[in-house]
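Labels run A, B and C following the written order; every chain starts at residue 1.
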């Protein structure tokens, strides 16, 4: 007997009889004895709820919570209390992919709202229903660019992109005969002239840049979209979603595809996932976009209804000709960001971004005052910045950790600090005190 | 749910000047974001108070159907119960608030969970190492194929770009192969629904040195155990290929058989299927990939951190709750439930392969098709009775496929209820076919016009507004 | 019974060619449009694109299926049927009338490798 198995002895007897076998074991009669597993699995003995709780609490106590001043693609933004409550509703949590539209209007409806909001945030025409995360979304965009190009199989990436993102893209490219080429880092940003030189070779399907870039710098992409389009290449931007509330959008920069991670939209850091990847593009490219898409239509009672559409592109129909192999989205996380954007709204998003910006620049001013830090690249940044230190960086980082801070991300000889609206003036002042020692 | 009152889009409930958030004041001083960095137009996001948002999404949830609502006999999806204890532990702040780039000695608890889960999965599958980087099943498949490709390349064997799959395979298999730069070749199924060994021998003879792997699931998509798996594995290994196990159908194997023992070298597991993590309306899941000893060097880098860590926590809590005593009962009970339904309905639904099945089986529509009632119609009519439809029109081997998988959590009463309704619908198909063909009638909406949706896609609120003008 | 028209050339992937001088009008057959169901989108190449016999030049999408289009002949695209951009369902209404691309043929001998109406009819019945 076990709480997840309802079968009583009577049930078992009646059911075995209906099936025509005399034991549960006989249900596997066709499996050859040579591969049949009859041992006990070497797993712990069953644990009661209380024991499971205790174990996780014990393991949790082995983690050290740190006040987060790190970013590099994952940010400690505030999660409104409403969200976890709504997300625990079992009709959202325990439902399947909305293939049966008639009983899945809840899911389809929020995905439509999610698509609308992401398109707004990125300034693009359309969005898909979400992807796994920002790095795989970038890889998918890379494949989309190559598929949209006639013969070009080279994709350029800015050298200022997060190296983890580029690593994922590289591994995908390796098996697809796609050549990934990284443009150089010129004083912390991407050089238009170098881009033009590469484009002129005529074999480029697209360029991807990151905004803000890995150093937190907000780059000036004037001329980039035009240069790409002249050579029939796509211009793709990988942006931190929350920052788009105020920053110039991929749409405004003339991008064809916008991808990134939506983790900064109130999703907790959770030691790596689940997050949510977003992908938006121009109307022209909608049929080349991987992933699910929800569309609006009518039902046979003339009511407004939502349904998965353009499915002919997807794996279950196109099979090897599918635009990608992606089978799911991160639906629940898409709901997370949809509720987040509904609560924060137009004004809240701007305010949070302004607080992040202010906090980061306040931190930089205070670090500058110690006289021991310098910006590696003297360029405008948003809420993340890259500094070098005139002492032992490793020791400094350890001092931060010992004092309960995640003192940025180590990058070569320096540190990249990020500040969000969650960081208080007091926390920043304390961090600076450690830094000044 | 009252569609008229609460069927609005959140944008339609928005009103300028409302706010649903509270942020601290700016204590940092005057730091203006330079206009040159800024977007010209604001994002047209909603402006709503907190209650409006809560009501809106609460009402949306009432239009949905989850495992907690009712029976979900979706073949190949393993819609089992999602234990609430798992939700509780996954939300513990000591894990939720960890940045993935924190120093290793500050995340020892998290790393321990990764290690313990890996050990458990190795024990259950008979493989030696797991990577948790894949975020979903399809992602896992891709990762597995990349691992195989990396393996052949590391041995300077560059000609192996073909993957054999049974003709009953799931659509993700060929799609994943294509994303990995490989080509699919199909092997036929014989009349008993299993891989045709002779046809396989022919393919191996033909393609030998080009074969990277054979990709299959066992039990297969018809719910039948591939009894000839030892011969199949031998054939492929002798040709120099590897064996890949699609873990979608792992559930019935818990307590019966291990993919490693069957001869598989690489596999992915769907934590959201076999290990009870919630489907969430289409994600997040997790698709860890396991390999036999020696192949772990070939894992590709398909995501930056540990994968969907919070999903992994749920899976581990599930394994701990079951313990070694009950994990081995999962398979047999799931198989019993499936066979029970099959035996109870095979007189009114067409059973193309009448044999003992594993955790799922396929009907080829109604036995009596004279009134023109299709599998689609039966599926829609089931919704009226409060059940989620089974998987329809897959696998492609039969024209009117109806794939049913009841999982081990469902009681005899639930199954009996489902059987009664399925019999009723078969009866309705004879006596009142129009009722079935125009179903569903009791759901919030009726059948949708998906032709309109595909021809004239409206996928955002902005497009809707433009369309209305 | 699907419609088959005399005087046209047919491929095994259910495309047809109607030859007029040095040009060929290419589309899908009635059999194909019936199998696909309601056509919602036709993915066409651009004018001046090259097509090669046996290779893909576009696709036809319905709600439940998507079919690649394989050119029965080689040549250069001189015209595409723009009406199909807004009204893809024309393909269902009359597949033979509503061709997809017009091609300037580069090698008329390729037509010898295609089926005539009778052979295609037999092929479909199999």
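Rule of thumb we're sticking to: contacts are C-beta pairs under 8 Å (C-beta built on N, C-alpha and C of every residue); 3 or more make two chains touch, one makes a residue touch a chain.
Just so you know, these numbers come straight off a predicted model, no measurement behind them.
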item	value
Pairwise touch network: line, ring, star, complete, or other	complete
Chain pair showing more contacts of the two, B-C and A-B	A-B
Most distant chain from chain B by Cα centroid	C
Distance from the mean Cα position of chain C to that of chain A, given in whole angstrom	42
Chain centre separation in whole Å, for chain C relative to chain B (CA means)	37
Between chain B and chain A, distance of the C-alpha-averaged centres to the nearest whole Å	20
Shared interface positions of chain B, touching two or more other chains	450, 454
In chain A, residues with contacts to at least two other chains	311-312, 317-318, 321
Chain C: positions in contact with at least two other chains	40-41, 61-63
Chain C residues within the chain A interface of the complex	40-41, 43, 61-66, 68
Chain B residues touching chain C - in the complex, by the definition given at the top	450-451, 454-455
For the chain C and chain B complex, residues of the former touching the latter	38, 40-41, 61-63, 88-89
Contacting residues of chain A [partner chain C, same complex]	287, 311-313, 317-318, 321
